[in-house]
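Look for chain A in each of the two complexes below; its partner is chain B in the first and chain C in the second.
The block that comes next holds the complex of A and B.
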C-alpha cells in the first residue's frame, strides 16, 4: 500500500487506474458521496470523501447511507440552525467533519456544531484578511472550552503538534500539505495543492510519474520552502507566531498582519490548556 | 566528566567577521595526522582505564570539522574500536559545525559515533557570516539552510550559538525570534563577542551592552519559557538560582574547568580549552609526551584551581552571586587583567543582569547569601560554553525546577 494520500475527482476512468492507494475522492454534491465511496473502495483504500457542496449546510440532504463513509463536508455557508437541528441525531451517527468558511456565519456554525459533538473545521487560509479577532475567540473556545465539544480544525491539529513538542505543517488538517496529500485531476496530473491544481501548476503530468523522484523532490522542496523566509529575512521569520503558522500567510503580504498576534495568542492558549489538563473538582452551583 | 575540545583542524570554509581562529592564520596549520588521531584514542583509553568512574566527552571543533571529510570520522571510530574496547561506552562524541558542508555522507558515521545532537552557529545580520573566497553571505546562508533541512530530515537534534556583536544591539527581539523560530525544537545560546583588545573593535561589545541586549529579550523568554525550550544564558541562570539540587553550569561559570576541560589542537598540542588554544595560552605540551592524566595534573592548572579561593578572599569577597558564576571564565580574567586570577569583564554584566532584569522580572527572591563559600565539588558538572546547548528534553522542565524552589512568584 502506498502511503501518500491522493485527493482525486470521482472519475471512474481515473479511479480504475489507481490501485492500493490511499484516496480522498472529491465530489461536488452530497448525492455523489455513496457512489464515489463505493467506486474508490473497489481497488483502493478510502480515506474520506470530500464533498465540496454548493448548497448551504442547513439545506443538505443528509442520508443514513453515509454511515460507514468518512466524509469531509465543505459547505459554502452554515445556514439556519433550526434547519440543521432537524438532522442532529443523524449527524451524530455519521463519520462526518463539517468545514465551514471563515465568515461570521461559519464561525458561529462551527462553534454550534462542535458544541453538539460534531467535528468541524474552518477554512481560513483562503481568505485574504481573516477576522483574526473572531478566529481567536473560536480558537480559544476550541482549546479551552470547558464543556465537552468536538474538535475544531485546524486548531486541534496545531495544538496536538504543539503539545507533543513538534513544530510541523498543520495544513494536513485542511488537506493542504503535500507531505500528506497530493492533488490529482481527472487526467491524472499531480499538483502539490488544490490551488495549484486549479491553476494548472503540475509537478507530474501523468499517474505513471506519481512515484518518481521528481514528485518526491517537489514535495521535499515544498516542505523546505519555509527556509526562503529566513533567507530573505522576511518579517514572518522574526515573528513570535512563527512556531504555529510557519509562514502560511506570508504570500503577498509586505507588512506584518494581525496573524502574528493571533498565533501568539494561540500558543498562550495551548500552554494554558496544557496546565488545565489536570482533574477538576466540580463546583456545586447555586439555584434560584 | 572530562571534556576534550578536539580541534583536528583549524581550517575553515567560512570567513566570519569576528573569528579569532581565522585571525591566527590557520593556513599554516595542518589537519591532524592519522597517527596523532590514533594516539588520542590510546590516551583516552588510558585515562578511562585509570579513572573507572570517568567519562570523556569528545567535542569535534575547529576550524570547521566537516572539512575533514567523512573518512576522517570513520578513521576515528576505527581507532576508538581498536583501542577503547573496554571503555568505548564511556566516550561520547559531539560536534560543533557551521553546517554549510553537512551532507548525507556524514549522517551514517555521525550516528555510528553516537552523535544525535549537533551544535551549530548562525547570524542573520548581514555581513557577519560569509564563505571564504567570494565572501558570499547568500551562499553561506543557503548552504546553512540546506544543512538544517538535512539535520531535521535525518532526525538529528540541533541547537545554535549566536555571538552578540555591535551589529546585533539595535534588534535584540528580532534576533531572538529569528533564532528561536529557526531552531524551533532546539536550543539557542547567546554569547558576547569576546575578541582580544584591538581585534575587531568595530564588533566587540561592552559588558553593559551585553546586559542590555539580554535584558531586552529576557521578559519575552521568561513569560514564555516553556515555549522556547532552552535559551541560554537564561535557562542555566534560572536553574542556578532556583534549583536546590545540583545545578549544571556552563564551563565559564563552573569554577571547575581546571578539572574538566582540555583541548587538543591539530598539531597534537594540549591546551586548557578552545579559547586558551585560540589565544596561545596554557599550553600543556604534546600528546606524544603527555597523557590526559598528566595534563590534568599539570602545575599550571593549580593556579586555576586556586582561582576560586583567591577571588573569594579578594575581589569577589562578599559577592552574593558567587554561586552563580564562581568568578567566571579564567580566560576572561586573563583578557581583563593579564592574570588568570583576575576578575572578568563580564562579572559586572552578570550582576547587572540579575539585579536589573532577572530578579525584578521573575519575582524570585533567592537567598544567595546562604552559599557564600567556595565548594568546587558543587560545580563538578559543567558544559562547554562554545558548544550549543544539549538536548533540552534531557533535563527537567523549567517549571519543575522552579516549582522546587520558587521562593516568591511575581506579585
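The block that comes next holds the complex of A and C.
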C-alpha cells in the first residue's frame, strides 16, 4: 500500500488505473458521494470523499446512506441554523467534517456545529484576507472552550502538533500539504496543491510518474521552501508567530498584517490549553 | 434560571414597564451575538443548568430568534420565551415551522398580554397577539402584569379557551424601578389586588386555570380563605423574591429588571452561574438586613424568619431607599463588594 494520499476527481477511468492507493475522491455534489465512495473502494483505500458543494450547507440533502463514508463536506456558506437543526440527528450519526469559509457566516457556523458535536474546519483560501480578530475568537473557543465540543480544524491539528513538539505543516488539516496529499486531475497529472492543479502547474504529467524521484524531490523542495523566507530576510522570518504559521500567508504580501499577532496569540492559547486539557469530545471520526 | 436578553428593543410601550429604564440605557448593543449565545450555552451547561429563559425587549425582534431558540433546544436546554406575542408574520410562521415535531416540554412561551380595553394598543398589535396565540397556543402560558387596582382579567379566560392555551396564568405585580417613575402596585395596595384577583375565583375554578404568582407577593396580605383557594388550585404557592439573573446582549448581569441599577456586573467576572446567583442573593440579603420588608411588621414576622415569605419584592425596598437615602444603598453595595464577594462566591 502506498502511503501518500491522493486527491483525485471521481473519474471511473482514472480510478480504474489506481490500485492500493490511499484516496480522497473529490465530487461536486452530495448526490455523487455514495457512488464515488463505492468506486474508490473497489481497488483502493478510501480516506474520505471531499464534496466541494455549491449548495449552502443548510440546504444540502443529507442521506442515511452516507453513514459508513468518511466525508469532508466543503460548503460555500453555512445558511440558517433552523434548517441545519432539522437534520442534526443525522449529521451526528455521520462520519462528517464540515468545512466552511473564513468569513463571518462560516466562522459562526463552524462554532455552532462544533458546539453541537460536529467536527468542522475553516477554509482559508475562499476569502482574500481573513478577519484575524474573529478568527482568534474562534480559535480561542476551539482550544479553550469551557464545554465539550468537537474539534475545529486547522486549530486542532496545529495545537496537537505544537503540544507534541512536532514541527509539521498544518496544511494537511485543510488538504494543503504535499507531504500528506498530492492532487491529481482527470488525466492523471499531479500537482502539489489544489491551487496549482487548477492553474495547471504540474510536477508529473502522468500517473506513471507518481512514484518517481521527480515528484519526491518536488515535495521535498516544497517542504523546505520555508527556508527561503529566512534567506530573503522576509518579515515572516522575523515574526513571533513563525513557529505556528511557518510562512503560510507570506505569498503576495510585502508587509505584515494581523496574522502575526493571531499566531502569537494562538501559541499563548495552546500553552494555556495544555494546562487544562480535557474539554474536547473524543470524536472517533476521520481526521485529515 | 438564567434570563438571556436577546435584545434591548421592544415593540410595545406598556405604562408599567419595569424594564423600560434599563432598555433605554442599554443601547450599546441591540442584539446578542451568536458568539455570546454559544458562550452562554457553554457557561450554563458547565454550571449544570438545564433550563433558561429568553427575554428582551421583545426577543422575537432578534433577526435570528428562531435559530437561537432551536440551537438552545439542540444544546439540551428547556427554553421558556417571554414574549408579547407581537411579531412579524414571517417570524411567527418560522417559529411554527421550527417547533413542529418537537415535544412541548422542550420549549414553551409565556405571552404577557395586556387587557386591550384598559391598556390600549394599536389594532395591528392586538391582531398579531391573536395570530401568535392562534398558531402557538398549545405551547403558551398566558401572563398578566398587574399595574392598577381595578385590573380586568376576564379577557384572559376567553383567550385561554379560544386558543387552547396552557391552563396556567402567570400573574406579576408591576414593580417600581428605583430612580424612575413607572406605574406600579404600591405595598399598601397589594391586599386590594389580591382581593380583586380572588373575585375571579369562579372563572379560575370553572376553567381549571392555575394562578402562578411571580415574585413579590407578601403572604400576610392573603387571607386564610384566599390561601386555601390558591393552595387547592395551584398546589404550591410562592411568596418569595429571588434574583432572576438577567444577562444582557453585551454580557452584563444583574439581579432582575427592577434592580438593574443595583450593582451590574460582567458575566466574565464569575466562574459559574451558581456564583452569580449567590452573589445577588447575598446582596439582596444585605439590603433586606437594612430594611426588612415592605411593611413595618416584616421586621418581626415569623413567616419571613422561616423564609416562607420574602417580605415583598426587594425592588420595593430599594426604591424606598433610593428615594429616601440614596447614599445608603451605595454604601451597602460598596461594603458588600469589599467584604462578601470573594468569601461568599469564590469570585476574585
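By our rule, the second predicted complex is superposed on the first by the 275 of 288 C-alpha atoms of A that agree within 3 Å, B and C clash if a C-alpha of one lies under 4 Å from a C-alpha of the other, contacts with A are read in each partner's own complex, and residues count from 1 in each chain.
Operating definition for what follows: a contact is a pair of C-beta atoms (placed from the backbone, for glycine too) under 8 Å apart; a residue touches a chain by one contact, two chains touch by 3 or more.
As the structure is a prediction and not an experimental result, all values here were calculated from the model.
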Superposition on chain A - do chain B and chain C clash or fit:
fit
Kindly classify A:146 by the partners it touches after superposition: chain B alone (first), chain C alone (second), both, or neither?
second
After the superposition on chain A, what is the angle at the C-alpha centre of chain A formed with the C-alpha centres of chain B and chain C, rounded to the nearest 10 degrees?
110
Of the two partner chains, chain B (first) and chain C (second), which one does A:80 touch, if any: first, second, both, or neither?
second
Once chain A of both complexes is superposed, is A:115 in touch with chain B (first), chain C (second), both, or neither?
second
Should A:13 be classified as contacting the first partner (chain B), the second (chain C), both, or neither?
neither
Shortest CA-CA distance between chain B and chain C [superposed frame, angstrom]:
15
Overlap of the chain B and chain C interfaces on chain A comprises residues none
Where on chain A does chain C make contact in their complex?
80-82, 85, 88, 108, 111-112, 115-116, 137, 141, 145-147, 149
Complex contacts: residues of chain B adjacent to chain A
124, 138, 141-142, 145, 148-149, 153, 174, 177-178, 181-182, 184-185, 220, 224, 226-227, 393
Considering the complex alone, what residue numbers of chain C touch chain A?
34-35, 38-39, 41-43, 45-46, 64, 66-68, 70-71, 73-75, 94, 97-98
Chain A contacts chain B in the complex at 165-167, 220, 224, 227, 230-231, 233, 237-240, 242-243, 267-268, 271
